[in-house]
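Here it is, the structure, as structure tokens.
The chains carry the letters A, B, C and D, assigned in the order they are written, with residues numbered from 1 in each.
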Amino acid sequence: MDYAIEMLNIRKEFPGIVANDNITVQLQKGEIHALLGENGAGKSTLMNVLFGLYQPEKGEIRVNGKPVNITNPNIANGLGIGMVHQHFMLVEPFTVTQNIVLGSEPTNKFGKIDLAKASKEIKELSDRYGLQVDPDAKISDISVGMQQRVEILKTLYRGAEVLIFDEPTAVLTPQEINELIDIMRSLIKEGKSIILITHKLKEIMEVCDRCTVIRKGKGIGTVNVADTNTTELASLMVGREVSFKTEKKTAEPKDIVLAIKDLFVRDSRKLDMVKGLNLDVRAGEIVGIAGVDGNGQSELIEAITGLSKTRSGSVTLSNKEITRLSPRKITESGLGHIPQDRHKYGLVLDYSVGENIVLQTYYQKPYSNASVLKYNEIFDKAEKIIEEYDVRTPSVYTKARALSGGNQQKAIIGREVDRSPKLLIAAQPTRGLDVGAIEFIHRKLIEERDKGSAILLVSFELDEIMNVSDRIAVMFDGKIVADVKPEDTNEQELGLLMAGSQVDKAGVISE
Amino acid sequence: DEDGAEDNTATEGNEEGTSGEDATSTDYSVAMVTDVGGVDDKSFNQSAWEGIQAWGEEHGLSQGEGFDYAQSTDKADYMPNLTRFVRDEYNLVYGIGFELKEDIQKAAEQYPDTNFAIVDDTVEADNAVSITFKEHQGSFLVGVAAAMKTTTNKVGFVGGVDSPLIKKFESGFIAGVKSVNPDIEVDVQYAESFADAAKGKLIATNMYDSGVDVIYHASGATGNGVFNQAKDIKQNDPEREIWVIGVDRDQHDEGTIGDHNVTLTSMVKRVDVAVQDVANRGMNGEFPGGEKLEYGLEQDGIDFAKTNEEAMTGEIITAVDEYKEKILSGEIEVPSTIEDLEAFEESL
Amino acid sequence: MFDILQSIIPTVLFYSAPLILTALGGVFSERSGVVNIGLEGLMVMGAFVGIVFNLTFADVFGVWTPWVSLIAATVIGALFSLIHAVASITFYANQVVSGVAINMLALGIGVYLTKVWYDKGQTDMVNQPFYTTDIPVLSNIPLIGTLFFEGVYVTSYLAIILAFVAWYVLYQTPFGLRLRAVGEHPMAADTNGIKVERMRYIAVLLSGALGGLGGSVFALTIASNFSHSTIVGQGFMSLAAVIFGKWHPLGAMGAALFFGLAQSLSVVSAGVPVLENIPQIILLIAPYLLTILALAGFIGRADAPRANGVPYIKGSR
Amino acid sequence: MTANNRLFGILVPVISVIVGLLAGAIIMLASGHNPIEGYAALWRGAFGDSYTLGETIRRTTPLILTGLAVAFAFKTGLFNIGAEGQVIVGWLASIWVGVAVEAPMIIHLPLAVLAGAVAGGLWGFIPGLLKAKLGVHEVIITIMMNYIALHVTNEIIRSILTDQATTTEPIAATASLASTWLQSITFYSRVHYGVLIALAAAFVMWFIIERTTYGYELKAVGFNRHASNYAGMNVSRNIILSMVLGGAFAGLAGTMEGLGTYGTISVMSGFTNLGFDGIAVALLGSNNAFGVVLAAILFGALKEGAGEMPTAAGVPTELVDIIIALIIFFVASSYIIRWALLRFKKGGNIDV
């Protein structure tokens, strides 16, 4: 068999942890090979070893059958290995071209970077793979999907034959995911080979040829995708049966909890992003907001939660106007919020888990008295929450930074849900999490609904929207353009709605 | 305990020192505490130390045995330094510079058995003597020299920090200039620092550009900038007549530029003379406690430098000496404040 | 008006030159992601070396002494900054703190050695400082020649030229692109095969070289000797120029010239009718006040290089 | 992990100090001095008898406060390089009240102390406000504020507090922190009651930071501004509060010099350096109150003892500055010490 890459019996240790324990992955030429595993299983670590960012303690790497020693990314690049990282490796104030040539810049005879030449080459490369990247745009001005394509271009520019994608779809909208899949296929057609890390089993089934499963740092095995199904993959990964369809009773909506009227919100560039939006959410129902990223979802959430000011319109929570209240007053009025960016907003990473649990309530009884903190009460509470929400942490005194993404998310959800908010906003609550964690979080959201909370779920994952919501509001260009029941629609229809197509009364979609 | 023992001996020593009418020359010991300028500041600290060394050698003493100094790098060092000498049983402790005023005052009150002296300021205590100088007299004389030397009828004065002490220099200088020729303009600028050479140079550039040809500086290290600028002009145009007047001691060395020297003269403060004088009086049991001694031309405490023979022509020296006589005879009362200066100028 | 300009411009030039040079050093260092609050100390070291070298070798090098002294100060400045580099790049030290230590250390060493070598707290004045000259050819241009190129220090133009060189290097060459990338997103640079630590070392050494150069230019054009009070705050002003100039070489140069102008105005004011009646204290604090107002008002938020001050630890996020 | 960290937290400064002193010894040897004599003189100068002990305490007092001033801001992610200016205005304000007000001690003294704290706080308020509202870099603003404090204070001393003199009248006895009793037991050192204020301030800082909701907010804002905002904290207010309280501590340091040590204020031709030394103290003390006190004692002793070195051992006092700088380097580069310690006990498994 012709292998582009062989990673044989790789072992990589971090202080106190064996991240990769005797893992073997063999990438055939011209295949898309999936790497599957729970959060923290060791996938990124393995790929960082291949890319020369980490040195393995044991094991051998072969490229085209020849043993190699990859001690830094330069060597990997030289061997034709390129990596699209989970967290983008782009310099924001630079242009696309500058980012792509960085490290291998063409120069003219005065030692000046020949940007014009580079820009032209990049344009050609971009056209060849249908990437549609503007070489002169600044990274900070382009969308996440575009940034990812810049990352791909970066590897191609360096002549990569093998591309590693680390969770590329976690940050993409459904449309962008489809585009990415097309791009991957055209890369294969050009003779490249691809390693794809993803938590989305559907994607594996759709594009991958084979799949290697890793569990807790150990290689479980490699399967032909054609010979398996999602259920089998999931149980291989987690080591037990996993259900995908979340069980739930039909909703029993009660009074209106959240009422938004004619809301206008501007973003930091002073452009209107929410343009006259109207929406009601009732107690006991989950309303899912479907939409392509950048249609005003973030601004909507920021406006409801008081993180940014509304331009006009009103937001009421249980009949109380909260439009111009401070975040604290809004929280006190009964709002819970699982933020989209858990590292930026959800947690103070350098605080202990316990201190994070009282992030909004530290000034209230019983956590403090006359401004003096009562740590016993705080940590008691935290103990209860980590227990109830299965937050895996050495202790409540451990810094939040040390937790894996999934466990950080569980801690946030525990904190928000525990306050029994009247309204719970969950923004991308499962982004980047493995199926086990996703299942748990969905169950918790439904439990809350059943206890009578109103829940607003914002997600780019149509699966999630379809599975969890009782009602789906499609957001496009700053407005709610459709309000449908999941059982009355399908992903295709939603996709079109999200792209701005109109639905007439009869349910017929017109352009 | 040890501390107690040391304290006791300290007290005994002091008693001996002050009450000992039969004190021989070897018994008497003298020390000085510098201000932050340090003992080698090429200024009054250095001069004071030279005085003390001269005094010590004269009486067969050596550093550490009979006389010594302590360096202060920070205002906070003054008091510990003074106290150290008190406890080391020195009979007379000098504080050099007006910055030590409060500390000498306090030390004098706390240690009545030790004698103190402050240079450049005054304190009130029976066991302390205040040594000041009639800088205005010296400034007057160099003002005369400046007036004689200027060809543009514009001279300059660069002060360090605006304060009564430096005003004394300014007043005397202007009075000297105007005595020779009331039409000469005097450009006065303060750098607001004794250590800002850049500011000194900025001011000097500005003054020389505007036609000033003699600058008298009373500004410590800020004056480095003044010298620097004068020398730069001289380097580029050796024919141009450009002068600096130094302060506190003879700053002839600072003015050397090739074969030329831009230091016209310097207002010399003989701190060494004053320090030796007081030490001798103390040694002879005649310590002038509580007195405010003001050293001027009369006591040879103030002088002007004649090192630059080329520049200080006989004519200038004669003129300066004439005014010196007038001051000594009381014919001229040199103003030491701006108010006095105004009155003085009217009387011209 | 012409007269006023004629008296202001040369003073601005000589006052600003050391600040420009040192600020350029700051730009390099901070652009690479290493905060350099030790500019003051680097200047102290430069002034110390420049003076000591000048005093010691004046007989050997004659009229070339000041230039050779500058080179010596530049080299020693670079070597001295190695301490900051090792601490903050290799040992992940808090860069602000390491910079503060640099400041203390430079002054300590400078004065200590002065005392040990010369047995006094300050050196003598040098015999071979820089002198002003008329720049050949350029000074013959009417008006402009008189204003800008007569009676100036060559070092002032060295500083200005170096600012443009720094701009070219940072914004036009691969080296500059890499250096800035390292300061914005070191991990991205790393994955592109750029040696982050090496880039940062080079940048810090450059800041040491330029800081040393700035300090020695100050010593050999303005102070003429070395003592504990030779460099008092010029390094901090240079740091201010870095930030005021938004971490851009030409911006930093502009800021340094602005500081020079403010200082010069406070001196020249006596002869200028509009400025004459302003209390001296206002003129004294004007440079500082104007900087604050400028930062608060006109240029607002300055975006530091994103990874500035953050040690790059491979494999961490 | 926690136990290990705590151990490192203690070992790192201790080792740094030892290595710093060793380096100082090598420098003395290299420059032809006897290190044993040098350090003996240093020790005598700092702790030799009750007088030097008193002076060491006196010198430590403002260092504790400037150390707290810097540490406090650090906790909120701010770098207060302006302690220097805050010291100066605090000193000025306390003297102003001490000279200009007539009142019984029970009112006068607290009023003068308060004035110093308020002035320092005000000097911290301006950079805090600019940072919070306009995002202006606090480092540059505080540097500028230092110079403004220096010049304005000098001007006020000359034109308002005196008639063109360089030193004010001494404060009224009713505003003085000086203690004849403390002086009498320390052979007339200048140790004063201010040390109690400094220790109390350290306790207050510890309490605010570790035990109150204010401290919780301040630290949260320091760690993560966005999350703090999300959690309903007023980020701007916390930034300002942190600078104001830090400034107040520094202002108190100036007050110590004014009401305790000198009783006057003089025109200054340069900075006091108390503020800059505060940065070093804060660092060596790991930005925590107890650590700051210990670090201030160490630096106070080094600086006080230095005065004895030139006379007793011929060693220039600057050696102490070099030693302090080296200690700071080693603490800041604690990674190397941790690494060395881990190497040292290699074999034992390293639990993270």
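Just so we're on the same page, a residue touches a chain if its C-beta (ideal position, glycine included) is under 8 Å from a C-beta of that chain, and two chains touch if they have at least 3 such contacts.
The chain lineup, named per UniProt: A = ABC transporter ATP-binding protein; C, D = ABC transporter permease.
Everything numeric in this text was worked out from a predicted model, so none of it was measured.
Asker: Enumerate, in label order, the chains that touch chain A and chain B alike.
Answerer: C, D
Asker: So which chain is the furthest away from chain D, centre to centre on CA atoms?
Answerer: A
Asker: Please work out the Cα centroid separation of chain A and chain D, and write it as a whole number of Å.
Answerer: Their C-alpha centroids are separated by 46 Å.
Asker: I'd like the Å distance between the centres of chain B and chain D, where a centre is the mean of that chain's Cα atoms.
Answerer: Comparing mean C-alpha positions, chain D is 35 Å from chain B.
Asker: Report the inter-chain centroid distance for chain C and chain D in whole angstrom, where each centroid is the mean of the CA atoms.
Answerer: 28
Asker: Could you give the separation in Å between the centres of chain A and chain C, each centre being the mean of its C-alpha atoms?
Answerer: 46
Asker: Using the touch definition from the top, which residues of chain D touch two or more other chains?
Answerer: 151, 270, 318 - these are the residues of chain D that touch more than one other chain.
Asker: If you look at chain C, which of its residues touch at least two other chains?
Answerer: Residues 229, 232, 284 of chain C touch two or more partner chains.
Asker: Could you pull out the residues of chain B that touch at least 2 other chains?
Answerer: Within chain B, residues 71, 73, 192, 195 contact more than one other chain.
Asker: Name the touching chain pairs, would you?
Answerer: Result for touching pairs of chains: A-C, A-D, B-C, B-D, C-D.
Asker: Inside the complex, what are the residues of chain A that reach chain D?
Answerer: So the residues of chain A in touch with chain D come to 14-17, 305, 307, 326-332, 337, 339, 344-351, 355, 359-360, 362-363, 368, 371-373, 394, 397-398.
Asker: Which residues of chain C touch chain D in their complex?
Answerer: 37, 83, 86-88, 91-94, 96-98, 100-105, 107-109, 111-113, 115-116, 229, 232-233, 236, 239-240, 243-244, 281, 284-285, 287-289, 291-292, 295-296, 300-302, 304
Asker: Considering the complex alone, what residue numbers of chain B touch chain C?
Answerer: Counting only chain B, the residues touching chain C are 37-42, 71, 73, 187, 189-190, 192, 195-199, 201-203, 205-206, 209-210, 221, 224-225, 227-228, 231-232, 235-236, 253-254, 256.
Asker: Under the definition above, what is the set of chain A residues touching chain C in their complex?
Answerer: 48, 51, 53-54, 72-74, 77, 83, 85, 87-94, 98-99, 101-105, 107, 111-113, 154
Asker: Can you tell me which positions in chain D touch chain B when the two form their complex?
Answerer: 49-52, 55, 59, 151, 154, 158, 164-167, 170, 183, 187-190, 261-264, 266-267, 269-270, 272-273, 304, 306-308, 310-311, 317-318
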